[in-house]
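Heads up, the next two complexes both have subunit A, just with different partners, subunit B and then subunit C.
So, the complex of A and B:
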């Protein structure tokens, strides 16, 4: 089981959830106007990529997950990867 | 046929409106709202309704701000020399122009602005939570109010020009200011409505943010100098003769 340590340690750690990751990656793909079915496929592939990366690690930070997911997403859709990486830097 | 003075006034109003349009907070909020709406699988028609309501909210807020400033100026003009009001406006334009050159965007990736982080987080969370058109309308109003520190100067200048025009040209001037100040929002709204990628719009904004910052700051400085020469120096020279 991989624990996710939250940003700046302000909240308790939680178990790594592929569903949460899938939803955020899928939302980024949709914002890049990727069709819904393709967005889901890409989100599943990116989640599998992150899960593979995290399987030997006991604890990872949420920033690590974002970084690796961004790497994985860049392969499938650079536009969605940009959206995924920068959505907190808009305002 | 409008007189040269009316044309000059309308040019000042439209340049002030364009400077207003180059400020980016409302555009950032519109892209955030669109991004969250598309990401949560709402329909294109719902997205268009929300973004239109947002732009309408921003238009109402700008109109109200313009009317309020015009009321303040029309009261002040009866007790204070109008040249003093022009000089105040010029000082504000030059000061804000330099401040925009130095501070408008934060020195980091993305298009983060020099506003308190708690306010930015609040606005971002409101954009995410917006589902109804009434909420989008209120968000449009809030976006303009949150940007008041930057936009108050072009609004003040445009309203000072407006109060010195006849009623007919005041109405035209208000429309000119509204259309020019909403230009960036209208363009982004049109792009989103046509199905453009939010990431592509945001990437363009990030790549060109320093140019937009420089253009806004320079516009304010140039307008400040022009208004000073046109409204203060020319008349002061004529009086001296």
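So, the complex of A and C:
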């Protein structure tokens, strides 16, 4: 199991959750006007991509998860990757 | 007053290979608290599947080949053979005798804490390993490199070997295609050709050993083709590979024509990628896919983190990694920092004859627009070529217009020994004239060095 260190420096950590990642990736896909079914598929693919990357790592940061998720999204949906990376700017 | 931060270790070394071990040993001998983190086999590539096993097998195959060709010296060699499993046992003995191969206790006996885990930076002073977090005042990134599957259609769908696992085979293949034409490729080519394997080398560049002087690649190609029956396909690009029954069918492009050939096994020696995916962003260490960025003192963009070895990019020989590791250890703990001198580090290919070079090649000089003179002494003009009955080889020396030696290439038996005299010359800016007047023993191969130097002086 991979431990995720949160970015706010408070040293809270949690186990890596594919559900949280799927939700955020799915939201980025929907923001890029991807149909809902396809958004879910892309989210599952990205989640598997990140899980594969993290399987041998015992601790990663939330920034790492975002970075690798962005790498995965760039492969499966470049438009959603842009939304995912720049969502704070967009909002 | 702010408290000095407390760390678990003075130094954590990520990687236990040639770039990590010396630094860890030096630091611990100087009273520092040191840990090594290794995700793979302790000792790294060199003792486990690199230099030690390959060169020990090459030694045995050179003996075998020389003995088989001994009839011209009056040696009866018709019944000479080999036992592949015995050869592998010899190789395993050589690995075991290094002490470092696959031996975690080797480090623990020196007082170095060891962790068998991947390391991942969480912050500039903290890494995560095995569900623990370790902190250190300093880090040395010696994570090495790994083989990435080249982007060739179909290659991912068929089994192929890399230098990591080719020596695990139980018997030599009937035919072998080697992708790549560098030092490792020609060493494996000679190794397997000695066992009777039909070897093909495929290289995109115009010659073997593209990073050496052109004469070295041409001479070695001639020897491999003529004496070992190796087929060398330079200026060749592989288009696709696929399974064809028990064989592998390779389609390649050469001279504008598509051709194919079938082999039993494929060995990929190209495509080394630095292992930079260790959370360097969290430590603010700058890097690219080509490697970690360091200054001349091997210091990264985070001043307490250093890096050495293959992780800096470009496949390096073990001696370079060793030098960098020792220098990194000095630079981490001493105010007086030292920069590695790469110019006088020899590169050696352990074929027979060997190929060795030091300093600048002729291509390097041309790129820098240097005004140079070169001289080549073929081996067949020195007495040793007669008594050893070996004539294919040379010593080439490159000097500037004042005669200062800038670089040299040797293709000869024991090239790896001969080159060190020239490395000394390059390091201390000796002239060809100084080398020419230095006595060289009669009937030594090094007489060719004196002859080449005298042609320049």
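Here is the rule we go by: the second predicted complex is superposed on the first by the 86 of 91 C-alpha atoms of A that agree within 3 Å, B and C clash if a C-alpha of one lies under 4 Å from a C-alpha of the other, contacts with A are read in each partner's own complex, and residues count from 1 in each chain.
The rule is simple: a residue touches a chain if its C-beta (ideal position, glycine included) is under 8 Å from a C-beta of that chain, and two chains touch if they have at least 3 such contacts.
Not measured: the values here are computed from a predicted model.
When both complexes are superposed on subunit A, subunit B and subunit C sit side by side without a clash.
Looking at the shared chain after the overlay, A:36 reaches subunit B, while subunit C stays out of its contact range. Shared-chain residue A:15: touches no atom of subunit B or subunit C.
In the superposed model, subunit B and subunit C sit 120 degrees apart as seen from the Cα centre of subunit A, a figure rounded to the nearest 10. Of the two partners, subunit B and subunit C, it is B that touches more residues of subunit A.
In the superposed pair of complexes, A:83 makes contact with subunit B only, with no contact to subunit C. Look at A:5: by the touch rule set out above, it reaches subunit C but stays clear of subunit B.
Judged by the touch definition given at the top, the superposed model places A:64 against subunit C, while subunit B stays out of reach. Here the smallest spacing between CA atoms of subunit B and those of subunit C, following superposition, is 17 Å. Applying the stated touch rule to the two superposed structures, the subunit B and subunit C interfaces on subunit A have no residue in common. Across the complex, subunit C is touched by residues 3, 5, 56-61, 63-64, 67 of subunit A.
Against subunit A, the residues of subunit C that register as touching in their complex are 39, 117-118, 120, 122, 128-133, 279, 281-282.
Those residues of subunit A that touch subunit B in the shared complex are 26-28, 30-33, 36, 79-80, 82-83, 86-91. Against subunit A, in their complex, subunit B makes its touches with residues 25, 28-29, 31-32, 34-36, 38-41, 108-113, 115, 120, 123-124, 195-200, 202-203, 206.
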